[in-house]
Each structure stands twice: as C-alpha cells, then as structure tokens.
Amino acid sequence: MKPVKKVELVVDAHEVPHLLEQLKRIGVNDYTVISEAHGRGDRGSRAGDVFSGVFDNSYVMIACTETQARQIVETVRPILKRLGGICLVSDAMWVLH
Amino acid sequence: MKPVKKVELVVDAHEVPHLLEQLKRIGVNDYTVISEAHGRGDRGSRAGDVFSGVFDNSYVMIACTETQARQIVETVRPILKRLGGICLVSDAMWVLH
Amino acid sequence: MKPVKKVELVVDAHEVPHLLEQLKRIGVNDYTVISEAHGRGDRGSRAGDVFSGVFDNSYVMIACTETQARQIVETVRPILKRLGGICLVSDAMWVLH
Amino acid sequence: MDLSLVQNLIDPAILFFFFGLFAAGIRSNLDIPAPIAKFFSLYLLVAIGFKGGVALAASGLTVTAVAAIGAAMLMALLVPAYSFLILRGRTNPYDAAAIAATYGSISAVTFIAAQQFLTRNGVDFGGHMTVAMVLMESPAIIMAVLLASLVRKREQAQLSPSVGAAAVANSTSSKGISLKEVLHEAFTDGAHLLLIGSLVIGYITGDAGKEVMAPFTAEIFKGILAFFLLEMGLLVARQLRESRDLGPFLMGFALVMPMVNASVAIALAWVLGLAAGDTLLLACLAASGSYIVVPAICRYAIPEARPGVYFSMSLAFTFPFNIVIGIPLYYSVIALIWGN
Amino acid sequence: MDLSLVQNLIDPAILFFFFGLFAAGIRSNLDIPAPIAKFFSLYLLVAIGFKGGVALAASGLTVTAVAAIGAAMLMALLVPAYSFLILRGRTNPYDAAAIAATYGSISAVTFIAAQQFLTRNGVDFGGHMTVAMVLMESPAIIMAVLLASLVRKREQAQLSPSVGAAAVANSTSSKGISLKEVLHEAFTDGAHLLLIGSLVIGYITGDAGKEVMAPFTAEIFKGILAFFLLEMGLLVARQLRESRDLGPFLMGFALVMPMVNASVAIALAWVLGLAAGDTLLLACLAASGSYIVVPAICRYAIPEARPGVYFSMSLAFTFPFNIVIGIPLYYSVIALIWGN
Amino acid sequence: MDLSLVQNLIDPAILFFFFGLFAAGIRSNLDIPAPIAKFFSLYLLVAIGFKGGVALAASGLTVTAVAAIGAAMLMALLVPAYSFLILRGRTNPYDAAAIAATYGSISAVTFIAAQQFLTRNGVDFGGHMTVAMVLMESPAIIMAVLLASLVRKREQAQLSPSVGAAAVANSTSSKGISLKEVLHEAFTDGAHLLLIGSLVIGYITGDAGKEVMAPFTAEIFKGILAFFLLEMGLLVARQLRESRDLGPFLMGFALVMPMVNASVAIALAWVLGLAAGDTLLLACLAASGSYIVVPAICRYAIPEARPGVYFSMSLAFTFPFNIVIGIPLYYSVIALIWGN
C-alpha cells in the first residue's frame, strides 16, 4: 500500500467532459465518475429538471499523488468559481496490485 | 484550502427527504445525494424489490465544520436507530473557490 | 463514535457478486454498492457499451475494523490483478446507533 | 376445462415468466433495467385501472357490483384477522402482523393474470372488480397497524409492569406511528394512487377516452405484460435463494393460505350470487399477497417486522403459486359449482 | 365552442396532468423513473417532428407556410425584446435576459397539446408550423446572449470606469462566452437537434415512412403523452413549492405575459391571413416558455442568472396556465375573429 | 435493383442511424438514457426471436432449413479459424483470438436490418435463420477460447522452457479459465439466452401467440428500431473517436473481412441451394461481428485481450459498413447470381 491523495469533486454534470479534458492536459488520466449526484449548495437545489438534466451534478473521484492533487486543485478552481461545485481532498492508502 | 469534516450516510432512500429537512433545521443546507446505493447490513440485503424500491438506500455526503458534524450526528442517530443505516465521519480539506 | 477503516473499491460491475461472495467467506457481510461508476484507468476508458454493460464499473464501500481491512485487501488483490480496478483504504469515525 | 391448466401455461406472458425463473435459476446475468421494470409496473396499473374505469362507466354501479365490492372489503378484513390468529403463536408477533397485512392486501399482477385467463376462456367480468381491488388495500393495512400497536402495548406492559404509562408513551414517540400518518402513507402510496387515478380518469372519459388510449393501454398490453412477467420470474427465482431461512411453517403458509382464502372468497361469492368471472377475480384478490404497497408501508408502520420474511413469502411463493396453479385451479372449482 | 374549455379538460392526457398535480400536492411518492421521463420527452420530439416533416412533404412550402414561419421568427425576436424592456428595472438584469430568452423560445409540449386540441375539434393545421417551432429556438437565445453581454459590459464600465478595456477583456475571458460557442451549443442541443432530425427524416421518407412508423409515432402517441403529462403534473406541483420566493411581479409576468404574447401573435396572424389552426399554434408558440432548451443553454451562456427563477416561471406557472386555460382561451378568441 | 443502395438508405430507421452519426459528429449532447437503450436491445432480441419461432412452427424444420443452419455453424467455425491465421503475425495473439471470436459471432441488429431490407424488397426468408443466428454464437466463442489457451501455453513454454509444467499449472490457476466455465458464461449470457427463450416461446405459442403479441413485437418494431439505430449512430461516432489508435491494418480488416466472409457464405449457400433471402441473411451473419455477447465473454475468458480493440473494430467499422453498404451490396451480388 502506498499513501495517496483522494480528490473528490461534485460538479455540474455537463462540465465533466470539459473538466476531464483539462485534467488530461496536466497528465491526470485516471478517474472514476458517478453520474447522478443530486444536491444543494450555493446555487440552490440541483434536481428536478428531468428533461434537460441541466441541474444534475456528477461526483468525480481521483486517487493521485500529492503533487498531482495540488495541480488538480489549481485546474478545477476556476471551473468551480464559474459554475459552482465543491472539491475535497483527503488521505488514503492505495492497494498496489 | 480549509479543514472540514466529511459526514457520509447510507440510509433508506425514503428517509432522505425527512433527514434533509431535519438537517435544514439545524442549519445544514448543503449536501450531495447519490440515490441508488444497494447494500447489506444488520437488516439484511437491501435490493431486489424494483417495484416499490422499498429496499433502496441512498448515499448522502455533507462537507461541514466540526461543530456541524457533531450536530448532524446527534440528529441522525435516532433515525438510524429506528430505520437502520450507517454514518461515517472523516477529515478532508475543502478547496476554497 | 469508534474509529474504523473505510475500504473503497472500484471494480468491474460483473465481478461484484463474486467479490461479495469472497468477502462473505472472510466474515465481511456488510457493504454498500453504487452500481454505475464509469471511469478510466490502466485498461482504458470504461464506458460506452450500453448494451452488454461490459465496461461498467461499480463502487463498493465497506466500513470495517483494521484487521478486516487487511483481510479484505488480501482477498481483493488477486481479483484486481486479473480484471483491473482500484482499492483505497482510509480512516473514519463510525457513529454508533 | 380439464385442459385449462395447460392452456393457461401456453400463454406467451406466462411462458416468459417461466423463462425468467429458468434464466435466474441457471444464474444468467439477464436483467431488465430497473427503471424499465418500475415503469412497466406503473403501466400495468394505469392500463388495468383505466380499463376498469371505462367498463364501470359503461355498466354503472349495479347491485351485483356493490355486492362484489362489499365481499372484497369483507375479505380484506377477514383475511388479516384469521391470518394473525394462525400466525401468532408460531412466529414473532410483529412479523405476524405484517404477514397478515400482506395477505389481506392484493397483487395487481395476479389480478391481471386472472383477467387474461378469463379473456382467453371467453368469460365476462365487471369493471367494478377493479374498484374492489382498489378498496382492498387499505383495510388490510389498517388491521395490521392496529394489531402491531396492540402487540407493542402488550410487550411494553410485560417488560415494565411497574413503570407503566411512561414507558408506553416513550415507546410511542420512538416507534409508534399514528394511524393517521399510516393512512396518509397508504393512501398517497404511488402505486395505489395511480390505480385510483387511472380508474377515475377511465370513468370520466369513458368510451371516447378508451378509443384514443387503446393502442397504448390495450393493444401493446400483452407484450408489456410478457416483459414484466419475465422480470417477475427473474425476481422470484432470485428471492427464492434469499429465503432459505423462512422455515417450513411460513413456506407452508405461503402455499396453503392462498387456497384457503380463495375458498372463503368462492363461498362468499356463491352466497351473494356473483357471476363466475367476478368470482374468480375475487378469489384471486383474496388469495394473492401484496409485494409492492404493503412492504412500502410496513417498512415504516411496523419497522420491527423483518421485510425479508413477508416480502419473500408473497413474492417467492404465493405469487408463482397463484399464477401457475392457483388461477386455473380456482376456476375449475368455480366452473364445477357454477355449473359452467 | 363554449364548451371547449371543459371539453379540453376531459381529454385523458390532460386529466393525467391534473392527477399528477394532485398526487404531488398530497405529497405522494408517485414517481416516473427519470430515464423513462427523459425518453418520453425524446419520443414526443421525434413523433411531432416526424409528423411535421411528413405533412410538409405532402403540402410543400406554400406562400402561407412561408408567411407563418416568418411570423414565428418575428415573434421570437419581438418577445424577448419587449420582455427584457418590461423586466429590466424590476429584476436583476441577468435574470431579465434569461427570462426574455425563456419566453422568446417555446415549449414543445404546449405545442403538442394545442395540436391535440385542434385535432379533437376537427381543425386543420400545417406541417410547416413544426418548422416554425424549430426556428423559434435560436433567435430568442441569440437575443438573450446579446442582452446579457450588453449588461455585462455596462456593469464592467460602471465598476471600473478608469481601468476600462483591460477589465472588460479580463471579464470576457472568465465570464464572456463567445456568441459562436453559444450558437454551437444551441444548435447541437440534443432536444433541438432531435426535433430537426425527425422533421428532416419525416420530410425525406414521406408517406412511405409514415406508414411503417405510424404504430409507434402516432397510434401509441396519446398514451405516452398521458404518461408524460402525469410526470409534468408531478414536476409542476413540486416546482411550485420551490418557487415561493419568486415574488408577485415575476409570478404575474409568468401568467399575464402568455396572454400578451398570444395576442400579438394572433394580431400578426390576422394581418398575414393565416388559417385558424395555424394561428392557434403560432399563439401557443408565442405564449409558451422553454423549460428544456433554454435552461440548458443559459446555465452556460448566462451563468449569472438564477436558473431557479426562469425555470420555475416557465414550468410552474406558464406551462400549466397554457395547457389548462390558455389553449381554449386563445382558440375562442381566434374562432370569434376568424368567424368560425 | 440498381436503386437498392439508395432505397436502403431511405428507410426511416437507417436515416435515424445517420442522424445519430451526425449528432455525435457535431458533438451534440443528444443521448438516449442507458436503461432505455438497454431495454430496446432486449426488445429487439425478443421480437426477432419470437418472430423466428412462430415462423419455424409454421414451416417446420425442412431439409433446406437444416442445410442453412448447418452452413451457419460451419461459418461460425471457419471464420474465426481463418481470421486468426490472418491476424496472428500482425497483432498480439490474445487480441487475434478475441477478434477471431468477434467475427465468428454475429450482430443481431445487422441481421434485423437485413430482414428489413428483404421485407422492403418483397423477398422471403425462413424462421430457421433465427435458429442459425442463435447457433452461431457459441462455436465462435469456443474457438477463440481454445486459440487463446493455445497461445497461453506456447507463451508459457517460451518464457520458462525448463520450469515447464509447474509454470503452466500456475498460469492456469491465475489466468486460465476452464472451457466449461466459459461455455456456462456463454450460454447464460442474458442477450443470448433471451434470444433462445423468445424463439422457443414463439415456437410453442405459434400463431395464437403471434396474434396477441403482434402489436408489441411487430407493429411498433420499426419505431423502436429507429430509436435504437439512432443510439447506435451516436455510439458508433463516439467509438470512432476512441479508436484512432487501431492502426490501418485492423481498420482494413474490419472493413474488408465482412466482404470476404459474406463471399464465402454466398458461395456456400450457392452450393447448398439456399434461397436468395436466406442467403442474404447467412451472408450478413457471416459478415457481421459481435459487440454485445462476445465482449461480455472475452472480458472474462481472454482478459489479456484489449476490449477497446475488438469492440471498436466491430462497432465503429464493421457495423456501419454492413448497415449502409454491405447489405445492399451482398444482395445485389446474390440477385445477380440467383438470377433474380
């Protein structure tokens, strides 16, 4: 097992492809996305428009090194600023296989 | 980045609206819910009744201050006692934006 | 509240029933599964074949003791080796109810 | 009529049910996506409710109709009452109350299968039987909640005969749910409400409504029922695996009670002079157990009961029994008595 | 014709809409699974687009058709323009721009309900009105984006009159989205594109295509519309609860503006000599507000606006108003003037 | 007959496929919800299997039927064999085995499109071809698994010529999956099983079953196929983007091999004296590659192979090639030879 950082994001579902592209550019290729994460934050309730899905959030999880985590944070901050969402960073142990 | 507590709950999907209302009363307005979280715990397997969805769990995540976390725990404990479910609290860093 | 380990797995959705059976054998009966977790890792992008769902991942979360966590890690390692996926272990506080 | 059992099984929808059982039995990964299965369940309720409403608008509420509805409501009170008495000593009392509610209530899909059986055999039945079905849901649930609160009080009294009232009050605040809340929950339950709504809309729009809705609610009905029964077959087989710890008594109850309840219903129908078609539907309502509405409410109203128990009994045992054996069996008895 | 309001309400699909309102009103847990609701919304677009395309292939693009389409596009420019002027002083200017786009654009389900109304009353309408609907989406969005960037520049100028150009450039990089990007987003939006695609496919395949597709796109249409309106009823009632903080002005706007826009459209149609059926459709296009395409684009093009505001106005107020009162009301005015 | 290529493209379902390609090409956010797409895929299997079963019950198992089925099974063995020989030196051997299985197996939607083509052109075909389709799945998979285990043993032997047996045993425990397990996996695969089940149910219920199921399985078929092909278009275009690293050899293989396989099938059909309709279906079965069942099994049976490779080849290249060009092309050759 090796220590890693776990970065968790909740962002606008429509923003995810764009965000993943940005992450690719800084060399972060691996991630997991759970598509439907409803919620409430500064921008009010995010649910209820089943047709366009405009208010859907997605949950993105990335296990990475501390350096990468810092880069990710810098990359996502402007996106969060513009379109809302949250980003949490915590510690975990990665099981090598 | 500022240190926060991450509260994670797995509860009966039907209980979520009620739970969120309770949280609102103690001033916790922001949260993320992932609706379909099947599982197994003390009350046996939670899956398999697709029609009423009675056995569905939801996963709720709340990033908050330590004080709020303590309040949340007090609020959800009786609900968990009555209808089952789990609650985990851990540390994380919140990315300010 | 008591300290526990939180084990998080992202694995091939088809492997989950098999994995849960293995865990049962080592006495781990409680878990939560979120079924649809798309992602990208060493085996490339995991999405896009809606019909067979072959490329779907699932997210599995288990709160357990440190000893159990170690056992889980030993159990899942060969599965991850053969079919890919990730496993993270972190600390959390379990709310007793 | 001898052949009705086999004939019943040759229906495509019933065959898809068997196929589902088979597929889950050999552990296939076959799966209807959950939102589709849930939608089909709503679809069947809309179709059956709408059809019943239209039929009712055409026939009006005759005396026989009222008699049939009354018989159904009586069954909804009788079945939970005697079921509870039978179960009481042999299983934990909360489970007993929940099982009583399960069998007092009904399975809409069993009702639909019985209608299909009648249609296939050219036997008439009335739109008022759909009203009867709707009205059977609540009495059973009320009975069960009353029984459960009785059990709760008795237990409380035994545990702390000295502390008394205070303990009861305390328990009420944590466990006891008011009957009013439960009734609200029962009435507003999605499945139940949709059935009522569709019945009312069918009644209001009558034949004009029927004509525009028929391609959706009637013509493709059989195909959707086939898919739904395929899913039911998968669910039943998977639930059977989870229910190994039910024990022989509860398994026996789940297989014998439907026949008892159907017999009582047939006797009652005979006394009231109902027609053969309506009698089969009444028998199937009495014989079937709920696996949608009742679990949804008991989870909340009797949280002490183990959902795995009553859900498994009604889904994994009673449902397939009625679909495969019960319906033709009850009808052959009815045909014999009614002299058809 | 007097009865048209009540007759309109006796349609099964409309009754399911009321039932949805009722069910959500009493806080039932009734719910159409989201993927089903989303699919039905796509289905309706395909069915309506395809039908319009087939009709257009049959009739060709006549002079009246071109006039009707021109009128529609004019409305799509006029409505956001005067809406913005009305809203400007009374609400924050970004919200004003987004609301203007919402009302300049259209609701396909309102359009469908109007078509159903006409069919029920035996009134003809042309396939070109579907083209009109398609073409109304973009102008409204363009107007709104232009208005928003105007607001943005003015605000920038006020905040930092000395810093000037640099600040504007900077703000552009963070907030300003190029009109080109927005147009791409608007054109490639799934709902919009599917409508266009189905229209074109209907046009190409004509009557031969119609025949093979009819059981799916026409016969079961009413049933799916009923389910969809049930879901809309649930959504409207739930959104109403979220929209208590709208304030009387915006609520009034959402209820009065449809009538104003419909009146302007009817006047325009009168001048151009359109037929009664086409006029009702034009009025409904003008009167309805978007709750699918526009929110999807404004979220991105005017992120400063509060989606809750424009979404609630168009979904929770304007949509039910048009479905229940608007359509028969506009038609009774048209019938009066057209002397039907 | 000259026009058959263009005529083929004017079918609404095919046009929706093109529209899907276009929409994904311009990066629209258009999306069919995944549970719906999955259900439609199950629906098509049920409809096609049921129809085949009913047809088979009507015609019985004639000599020509047996010949056609035999030819199909022969193709399912031949295609993976010669495909593997062609691929071996040029790509990694595990990928070669998986690609061989992919092309030995079949695409049900290509088969459906070929049936639609025949129906549109008034050419008959037999229900036994559905049996042929069902029976082509397994041989291809068995071949591939045998090839892969051959590769595995050879590699093992090369790596550790001295350690020998022990290493092989060890590798077997970690990677080698028993043929029995794979066969179980192949037979119980949901898509495969549903096709067999529907075929059997169609066969048992015959014309009576056909009549009650027709509105669902036959009348709305075209519409659902259109939606499904729309989704396929979206998927194909998106998969094309992921498959830039396939390399010219594999891309060429995915486009040329279908024609080779179809030619072999046509020659075989000619020798056996099959009818033109059955020949086209056989050619399409031979020419198409699996993107549902085979990936589901290879993921597990040949985990060393890269799913992205064989999945992309069959979905992004071979599928659209057959749908757009292959079917009319093969048929024009058949018409020429059969002298139609």
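For clarity, chains are labelled A, B, C, D, E and F in written order, and residue numbers in each chain start from 1.
The rule is short, and it goes like this: a residue touches a chain if its C-beta (ideal position, glycine included) is under 8 Å from a C-beta of that chain, and two chains touch if they have at least 3 such contacts.
Source: prediction; values computed, not measured.
The chains that touch chain B as well as chain C are A.
Centroids of chain C and chain E (each the mean of its C-alpha atoms) stand 45 Å apart. Put simply, the C-alpha centre of chain C and that of chain F have 33 angstrom between them. Each chain gets a centre from the mean of its Cα atoms; for chain B and chain E, those two points are 38 Å apart. Residue positions of chain C touching 2 or more other chains, listed in rising order: 14, 34, 81, 90-91.
Annotation for chain E: residues touching 2 or more other chains are 29, 33-36, 38, 191, 215, 219-220, 296. By the contact rule set out at the top, the touching chain pairs are A-B, A-C, A-E, B-C, B-D, C-F, D-E, D-F, E-F.
Here chain B touches chain C in the complex through residues 8, 10, 34, 36-42, 57, 59, 73, 76-77, 80-81, 86-91, going by the rule given at the top. Every residue of chain B that touches chain A in the complex is listed here, in rising order: 1, 4, 6, 29-35, 63, 90-95, 97. Residue ranges on chain F touching chain E, taken from their complex, read 10-12, 15-16, 19, 22-23, 26-36, 215, 219-220, 222-224, 226-227.
Interface of chain D with chain E (complex): residues 33-36, 38-39, 42-43, 46, 50, 187-190, 193-194, 197, 200-201, 204-205, 208-209, 212-213, 215-217, 219-220, 296. Residues 34, 37-38, 41, 174-175, 191, 231, 235, 238-239, 242, 291-293, 295-296, 299-300, 303, 306-308, 311, 315 of chain D are the ones touching chain B in the complex.
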